[in-house]
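Notes to accompany the following structure.
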Amino acid sequence: MNDMNTAPTSATMLAMEGVAFTHRGHALLKDVSLSLSRHGNTIVMGPNGAGKSLLMRLLHGLLSPTHGRLRWHGQSGRPPRQAMVFQRPVMLRRSAIANVTYALAVQGTRWRDRRPQAWDALERFGLTEIAHRPARVLSGGEQQRLALARAWALRPEILFLDEPTSALDPAAIKAVEDAVIDFHHQGTRIVMNTHDLHQARRLADDIVFLCQGRVIEHNQADSFFTTPRTREAAAFVRGELVW
Amino acid sequence: MTIKRFVGTLAGLGLAMAFATNAAAEEDERFINLASTTSTEQSGLFDAILPQFKEATGIDVRVVAVGTGQAFELARRGDADSLLVHDTAGEKAFIEEGYATERQPVMYNDFVLIGPGEDPADIADADDAADAFARIADAEVPFASRGDDSGTNRAELRLWESAGVDPGGEWYRELGSGMGPTLNTAAGMDAYVMSDRATWVAFDNRQDLEILFDGDEALFNQYGSLLISEERHPHLKHDLAKQWHEWLISADGQQAIADYELDGQQLFFPNAGENGDD
Amino acid sequence: MLSEDNAFTTALQLIIGLDETLVGIVALSMQVSLTAVLIAAMLGLPLGAAVALWRFPGRGLVIIILNAFMGLPPVVAGLVVYLMLSRAGPLGELGLLFTPSAMVIAQILLILPIIAALTRQHTEERWDEYREQLTSFRVSRVRAIPTLLWDARFSLMTVILAGFGRASAEVGAVMIVGGNIDGVTRVMTTAIVLETNKGNLPLALGLGMILLLLVALINAGAFLIGEEARRRLG
């Protein structure tokens, strides 16, 4: 199936129905209808200013759409457990491990379970050495790994990543990509932004292509890269400037 | 964590202190608040006589030392159990207004005229107090006035009146301060100033100032104790205040006042029972 | 004659002699100001954070009022508290006038606006930085208050010290509501005023030095603890 259907089916996890977002008279996102299936890695692509980060925030619920609506399927419509990793990780002014236990605490994890779970997460991301260091003095790569470990500890059913590697060096990028694959194997639904075509090829099951506040193509990854359906996507895949 | 422990300690300390405050307050139920003047407080008189009163009766007298005007206001609002001030006219008016039921003369001291040692207005040779005031006005030398509606200030204004002077102008400086600050300022600008003798004797920062004129009966400074109206302010500790009032005019109290000396000088002269109105 | 040397030796003699009256005055000063700071912080920290977190009509006015009250003259604060606690006033029944509790209340009135206004500033900066992440954690605004206060703790420590400094240094308010009663409500600052009035300037200055020394010690303690924690936690 090359064509991704925008109509929800039984395998749908999340659907956006005619969503628009207007800020101070500027329509930043226009009439987006999108349905995301229960499994897989969705990569959101598009030129700068296309509205990728905004779409991510609407999906995660950090912002509410000015028109249209968001529907979660299953679990009687309640949003599932979710987490988000930002382009610039937000670190609380505490130790690395305290950043993780804090997230567990506000999620309602019992006090005595927090430290073991946080420790497990740090261990998985190779951060136990720096567990007691202040989070804000860690390097950019370490901070992003800590943000992933924090998300990991929350055991999200769906994880949003907003350009998580754009400010990192290659080794740190590799670590983030490995983490995404790990999350995927755990059964976590991934939705991620990137403007790195190679990264998208490595990770994507399907691609949402945004241009000027509209979703102009939602396609299986291999089809998107080999036979894009729109002129803009074709140009983008060839590496030309699109806006 | 260090911070947590620090905050915890601080919180514990604060609470403990708050409780300690209350405990200390409850321990001492037998006390009265006495509104009185800065001159009596600063002369050290209370330090000498209050322990004797406490020994006799077990009552603590807590002195709130303010100007006579403010002392009347405290009593008027029901914030003082007892009143010991030096403004005979004001005291009588206070009784007429119905705020106090009884006034007793307790003691007197006197006012002295103080000025720079060279005495540019030559008041040391004045015939009487009125003449001394007139000489200061004639010479237009700096004079520091309390200007705070205190008993001393009111007495000073009466003396200007008797000298036939309406004080004002560059040389007459109204400070709006207590006796001590006024003396400090007068010392700083080499001004003449009128003070009660007690405050002057206890005052340390004299610089070039000295007593230039004293002894005239017009400079007589009568202190009176007032019993505050029970009808007007039923919540006050009238029983304890009455004990204080009566002790002051008793033989013991009068003796305690007479015994108080500073630098070998007796500062207050008991005169309970005398007319002592002027 | 007054000289600095004179005041310095007086201060030194007072400290070394551990004069009982002096110890009582110092203890009461610290007790009153620390209690006031503690209560003002317990009210002002959450209040400041709440104003930072919520957008409501009249919020700008609240911020302006808080900032303006930072400059409230102590005498005015004292007068207001006096009129409240006076027998003729609305809270006269409590009989708090001329007690240490009245002094605590007056100092709270003085420093609460400082603590609340500065806390608002500091927590608002944190909130701007943390908002998306905390919203992502589904942290409610009420739950965000302790988070922001804790994460602004180093700045807030300075805020609280500023409040303590103002409380322990002011004289106008405690003079009016405390009455400077010997052994009951006499604190460092009112004792300094009394000694100045008596013309005993070396003793007044000596007391001033001791007050300064105490405030400096408390600041140094807080600074060292803060530096240690900052070094460990970043």
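Going by the order they are written in, the chains are A, B and C; count residues from 1 in each one.
Assume a residue touches a chain if its C-beta (ideal position, glycine included) is under 8 Å from a C-beta of that chain, and two chains touch if they have at least 3 such contacts.
It should be emphasised that the depicted structure is a prediction, and the values quoted were computed from it without experimental measurement.
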**Q.** Intersection of the contact lists for chain A and chain C
**A.** none
Q. Between which chains do we find the greatest number of C-beta pairs in contact?
A. B-C
Q: Quick one: report the Å distance separating chain A from chain C, using the average Cα coordinate of each chain.
A: 47
**Q.** Geometric centre distance via CA averages, chain C-chain B, whole Å
**A.** 32
**Q.** Chain centre separation (chain A, chain B; CA means) in Å
**A.** 79
Q.
Counting only residues that touch at least two other chains, what does the list for chain C look like?
A. 153, 232
**Q.** Residue numbers on chain C that touch chain B, as the complex places them
**A.** 1-2, 30-32, 34-35, 37-39, 86-89, 92, 97-101, 104, 153, 179-182, 184, 194, 196-201, 222, 225-226, 228-229, 232
Q. Given the complex with chain A, which residues does chain C contribute to the contact?
A. 129-130, 132-133, 135-139, 143, 147, 150-151, 153, 232-234
Q) Within the complex, which stretch of chain B touches chain C? A) 1-3, 6, 10-11, 13-15, 17-18, 20-22, 24-25, 33, 38, 41-42, 46-47, 62-66, 77-79, 178-181, 183-184, 187, 202-207, 233, 235
Q: Spell out the residues on chain A that touch chain C in their complex, using ranges where they run on.
A: 57, 60-62, 83-84, 86, 90, 92-95, 102-103, 106-107, 133-137
